[in-house]
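Shared between the two complexes below is subunit A, which has subunit B as its partner in the first and subunit C in the second.
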Partner chain A sequence: METNLPAEYYQLLEELQAVDFVLVELTLYLDTHPNDTASIQQFNHYAQERKKLKKAIESKYGPMQQYGNSYSGTPWDWNKAPWPWQV
Partner chain B sequence: MWIYEKKLQYPVKVSTCNPRLAKFLVEQYGGADGELAAALRYLNQRYTIPDKVIGLLTDIGTEEFAHLEMIATMIYKLTKDATPQQMRDAGLDAHYANHDSALFYHNADGVPFTAAYIQAKGDPIADLYEDIAAEEKARATYQWLIDMSDDPDLNDGLRFLREREIIHSLRFREAVEILKQERDQKVFF
Partner chain C sequence: MKYVKSYVPYHSPFDPCPPIGKKYYRTPPHLYMTFQPYNLPQFSPQEALKKGTLWPALYDYYENPYDRRS
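Entry: the complex of A and B
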């Protein structure tokens, strides 16, 4: 199941992956350095960035999460391909 | 509870159909030091570890599932266009006979995954030392895989995963220090 997606999709996805990398790194770091205020500020900044990117991707390419963590189009578009291993 | 997100943690690309590489890679899927073992190990240990490191075990355990999905994607992409003859030539004849091109939790030798790969001792220091060792073994496995692979696109993803093992090991070492500090504070004279 291969779907033809525009270059923009891959670009947006990579931007989100980059921001999420920062957030994963900071999450693990803050788990062992809970008093690093500067890192917490950086974390909250990137948390906001990821929200914007998620919204931008979802408005064009459908929900990234479900169980109510994303809105749905009509008809139900969560189970629409492509899945991550198909792109 | 867990929420799935429809994206990989890091892009996975492969240059060509190469079932032989897939045969090696499955070590990190269902092998003793693989991503499944890692995820199950940390998420199980967290129930009986001191509060100060529950968050770390939860977050690293969760990231391991993202790595498991990356490995699965690599194996899927390396084998999806392989003919039965190519599977056979790559040494995946026994796998193909049993599973077609479906993924299965076994190691590179075809030995099925077992819970015996992981330990939960209930002693926080013993558990965290096991976790550090597991990360170092996984890092070494990624190195051997990179050394054997001639696929530059695949190696990019494998290098990312190798680096994550280094970070996890570092964080677990810090967790040990946090627990030692807590233990020493409890001594009153």
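Entry: the complex of A and C
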């Protein structure tokens, strides 16, 4: 059954991807610059941003992760399609 | 073609093969930046994702220098 996802799904995921990349870069940067408070504030800002984004995505499209990293819908739906590689 | 340098290897008169001409090697920006300074300007998240780095000072895209010769 072919259910194409709304454009908003891709847009939200791309935004999440961009925020994740910034967090990765900042983590690596902060490993060598532990006292850079401006970057730490930026890191915390984006960490909070990511939580909001994750909440928004999961409320609409179901859990993204497992083992307690995401809330589950009813019925148990973490393994329902589409999987990340199918999207 | 910002961070690319080239050299011409010596071609001996007894070398049966044709001369190679110009050879290129890459010198990315992090070579010249020992310790990353604080508060460098940053890309926007979307642009950083596309360009592969958060800081324009470290941005180094690949462009095949040999393409132009052929």
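Convention: the second predicted complex is superposed on the first by the 84 of 87 C-alpha atoms of A that agree within 3 Å, B and C clash if a C-alpha of one lies under 4 Å from a C-alpha of the other, contacts with A are read in each partner's own complex, and residues count from 1 in each chain.
Just so it is clear, contacts are C-beta pairs under 8 Å (C-beta built on N, C-alpha and C of every residue); 3 or more make two chains touch, one makes a residue touch a chain.
All figures in this text were calculated on a predicted structure; none of them were measured in a lab.
When the two complexes are overlaid on their common chain A, residue A:D36 makes contact with subunit C while staying clear of subunit B.
Residue contacts after overlaying the shared chain place A:N44 against neither subunit B nor subunit C.
Legend: residue contacts after superposition of the two complexes on their common chain; A:F21 is shown touching both subunit B and subunit C. In the overlay built on the shared chain, the residue A:Q11 is in contact with neither subunit B nor subunit C. Of the two partner chains, subunit B is the only one that A:W85 touches; subunit C does not reach it.
Set side by side, subunit B and subunit C differ in how many residues of subunit A they touch, and the one touching more is B.
Legend: residue contacts after superposition of the two complexes on their common chain; A:S72 is shown touching neither subunit B nor subunit C. Residues common to the contacts of subunit A with subunit B and with subunit C across the two structures: 14, 17, 21, 25, 29, 32-33. Residues 35-36, 38-39, 45-46, 48-49, 53-54 of subunit C are the ones touching subunit A in the complex. Subunit A meets subunit C in the complex at residues 14-15, 17-19, 21-22, 25-26, 29, 32-33, 36, 38, 46.
Here subunit A touches subunit B in the complex through residues 10, 13-14, 16-17, 20-21, 24-25, 27-29, 31-33, 63-67, 69, 83-85, going by the rule given at the top.
Of all residues in subunit B, only 3-12, 53, 55-56, 59-60, 63, 69, 72-73, 76-77, 167-168, 171, 174-175, 178 touch subunit A in the complex they form.
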